[in-house]
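What follows are several structures.
What follows is a pair of complexes built around chain A, which joins chain B in one and chain C in the other.
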Partner chain A sequence: MKLRRLAISEEGFIFDPETGNSYTVNETGLFILEKLRQDLSPEEIARLLSQEYEVSPEEARRDLEDFLEVLTRYGLWKEPR
Partner chain B sequence: MIKVAVSGINAVDNPGPGLGIIKGLKEGAIPVSVVGLAYDAMEPGVYLTDLIDRVYLMPYPSEGEAPFLNRLLYIQEKEGIEVVIPALDPELPLFIDLEPRLSELGVRSFLPTRKHFKLRAKDRLPVIAEATGLKTPATFAVSSYEELQRALSRLRFPVMVKGLFYRAFRAYNSTEALQYFQSISAEWGYPVIIQEIVEGEEMNVVGVGDGEGGHFGLLAIKKLWITSLGKIWTGVTVKHPGLLEAAEKFVRHFRWRGAFELETIVSGEDIYLIEINPRFPAWIYFAVGVGLNLPERLLRAALGEEPERDWEYPAGKLYIRFTDDLVTDLDLFQRMVTRGER
Partner chain C sequence: MKKPYQKPSIIKLQVGLLRDKKSGLLRMVRREIDGVPVKDLVRRFGSPLFVFSEKRLRDQFRYLRRLFESHYPRVELSWSYKTNYLDAICRIFHQEGASAEVVSDFEYHKARRLGVPGENIIFNGPYKPREILKQAVLEGARINVDSLDEILDLEEIARETGQKIRIGLRINMDTGIYPRWDRFGFNLESGEVLSVARRIAAGDRLEVAGLHCHQGTFILDPEAYARAAEKLLRLTRKLEEEFGWNIEYLDLGGGFPSRSRPKGLYLPPEVGIPPLSEYAERIARSLLLGTMARDYPLLILEIGRALVDEAGFLITTVRSAKRLADGRRAYVLDAGVNLLFTAFWYHFRIEIERELPGPPEPCILYGPLCMNIDVVEENAWLPPLPRGTHLILSPVGAYNLTQWMQFITYRPRVVLIGESGQVEVIREAETLEDVVHRERIPEHLR
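And now, the complex of A and B:
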């Protein structure tokens, strides 16, 4: 998985050693990336997000989907089949 | 102390590789004394006396082999050069042809062969691409207005209009394409290359082939900032397995000897070969800076030693080019103009 090769700093700076691209994410983005790297499913991550940030499960899922869409656009994540 | 002659000391907006090579040599374990080969008295390297001990003006390679060799013989007599590292495309065919004679005189080098050198023509890219598993953008070599129109009808605008060896322009319509076709053919002759534009990450690999299918190290980088001339200003080291594998295949297949640079565009899983240079690129100091002293390894190969082959390097190292100022007396310029040397 492409996400595994990324170098991710605690401050949310991400470097892709294969493409040389770098990105920044906020605390929530960092939280999601960490969970994705632990092979958690989007459903599980949405549940954890709603608990961690005290938002409704629907809102957490919507925000997560937005973020995953961005990751997909940058070629960093693919929806598991 | 090994005396090494290096050319390409024109660190200008389109910089030659010479200063990067020299910085690498100076940082290496072999003590060197550097003789710069310049083509103009104003080349910045002429004035960098800490890096370059002596400088000689060279005749342009276009003047032919005889004046070029005569000048080298004169320099050899005065300096006793042991190794020459040419760094500019136009002089390479002369150094390649003169390699046996210079070697007899004690001037050694580690150069690509004539056959290798010819691979850099842009109409030869498909041959290299096929051998390495890389792709090439759709490319047409055109020599007439009709051929140009035919090529344009098969591509979508914008397209690249390139000389076989030098110059590249982006044309957004057929009027622009014709204009560039005419200016390139007037300056560089035919054919002119019409090429599809591939969007993606601009990544390059530098390396030194051992001439037997192996190499003395490879480094892959991505250009982050480029100048209006397309020259790298900042870059970052990358570890792109497909690209490095293709570079190893290239070295193995052609049994490449000496320095080379592969210029590519990486678009998702596809790697397109855009250009190959049979010499070090101007950013060669990047390799030195990340622990791969390729200029020194090339020097060792030229001296008949076995250079290191380890080429582990970290991804995510940054390269920053910057401008600098120097103030000096007219003395050096005067010597270069009147005597052709300093």
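And now, the complex of A and C:
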């Protein structure tokens, strides 16, 4: 899984050793990436987000979808079959 | 206790973009205006600061005059005062040979004060107070009539002065553009123009000597001007045949675009905005094809934005940086929509005084007003800006210095960089005294 090969710093700096691309994520983005690396499902991650942060489960789910879409476009994540 | 939430975001870093000397992003840097370093301008005159280039003003006027004259033999360029009526700016255009196009008593007074003779003034506008109208008649200004009530006023003035007054008729019509400005003048398609003409002929105090139209602003279709010219030529023949008048001029108004980027136009201005040469060509073609060679009517163009916009810059300074709740960067500048009225409709070119390290990132530029609407640019891409960085916004020469407001804070200096590089103040910064000197405190409040 590509996500596991990324170098991710605590501050949210991400380096992709395969392509040389780098990225920055904010706190919640980093939270999501860590959970994805632990193989949690999007449903579980959205639930954890709304437990940890001041956000409704619905909004968390929507924002997560949006975030996953961006990850997919950058080639960092693929929806598991 | 839950943590405050920020929407998750991931941004791909464009490392090295600014270091690439061939990169288009280098265009974001402007160290000087007409050879005068931006830093020096701020040190001498403060920030924010409006800066005008005399060279650009003169070059653009000469270019437009030669452009239109190379397509059509009889052209008069009239400087549209409302676009920017600072004395020094008007002087430059009058020196170059522009007449004055004014739309109010104030603008008429300003043109006369600058020494423009009445016969070099074009008087437009939907409300011309009786007193100034009479002065304009006596001084021989070209008056383009907007309504039947104005015709009645002029007939009365003609009786008082015992002269026959030559007027222009302001016409509105369908030239295929939207929105259609039908609030000014008399409508062509409905037949209103002809019934007004009959009324004028019957009164026998006035004589129609010109036709005028003004289709709108920032018109992106050169063909609209060609259609207007054709329709006015047909109307000319009809009026001349039916009433025996001699229509000497066709005034196609203004509305020519500058290289500014209106919101909603997604192409860069170099691609999305037709060059002015196309307008000249289409207009001239209609006129040349529709006229007998001996009686070419005088073509009048009232140019404002296309002359002055690109000669004006605003230098502003980053006064604080912040992060918005959504993670975006925002900066507070010392110039806001109080100075940049056109920020509501146009995106400015944003340049930095020097190269700055770091990847460009999306950010919002706010003005200094304590108002939510004070947004200079809602989506700029700039490297992280240290406090105190100067930004140069352009083009800002059109309408900002006439529509700016004294609101919350003072209005800054305006300087002109002369052709030999000297910098002169053409409008001093506002002071508290300027703002309060017309106020009166009633006795019981003292």
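One rule holds for everything that comes next: the second predicted complex is superposed on the first by the 81 of 81 C-alpha atoms of A that agree within 3 Å, B and C clash if a C-alpha of one lies under 4 Å from a C-alpha of the other, contacts with A are read in each partner's own complex, and residues count from 1 in each chain.
Simple rule for what comes next: a residue touches a chain if its C-beta (ideal position, glycine included) is under 8 Å from a C-beta of that chain, and two chains touch if they have at least 3 such contacts.
Computed from a prediction, not measured in an experiment: that's the story for all the values here.
K.L.:
Of the two partner chains, chain B (first) and chain C (second), which one does A:F67 touch, if any: first, second, both, or neither?
P.N.:
Once the two structures are laid over each other on A, A:F67 reaches chain C alone.
K.L.:
In the overlaid three-chain picture, which partner chain does A:T19 touch, first (chain B) or second (chain C), both, or neither?
P.N.:
first
K.L.:
A:A7 in the overlay: touching chain B, chain C, both, or neither? Say first, second, both or neither.
P.N.:
A:A7 contacts chain B only, not chain C.
K.L.:
Which partner, chain B or chain C, is in contact with more residues of chain A?
P.N.:
The partner that reaches more residues of chain A in the superposed model: C.
K.L.:
Residues on chain A in contact with chain B in one complex and with chain C in the other?
P.N.:
21-22
K.L.:
Considering only the defined contacts, which chain C positions touch chain A in the complex?
P.N.:
It comes out as residues 2-13, 15, 327.
K.L.:
Using the touch definition from the top, list the residues of chain A that touch chain C in their complex.
P.N.:
Within the complex, chain A touches chain C at residues 14, 21-29, 31-32, 49, 51-55, 63-64, 66-67, 70-71, 74.
K.L.:
Taking the touch rule as given, give the residues of chain A at its contact with chain B in the complex, in rising order.
P.N.:
For this pair, the touching residues of chain A are 7, 15, 17-22, 75.
K.L.:
Can you check the complex and tell me which residues of chain B touch chain A?
P.N.:
Going by the criterion above, the answer is residues 201, 203, 221-222, 224, 235-241, 266, 268, 315-316.
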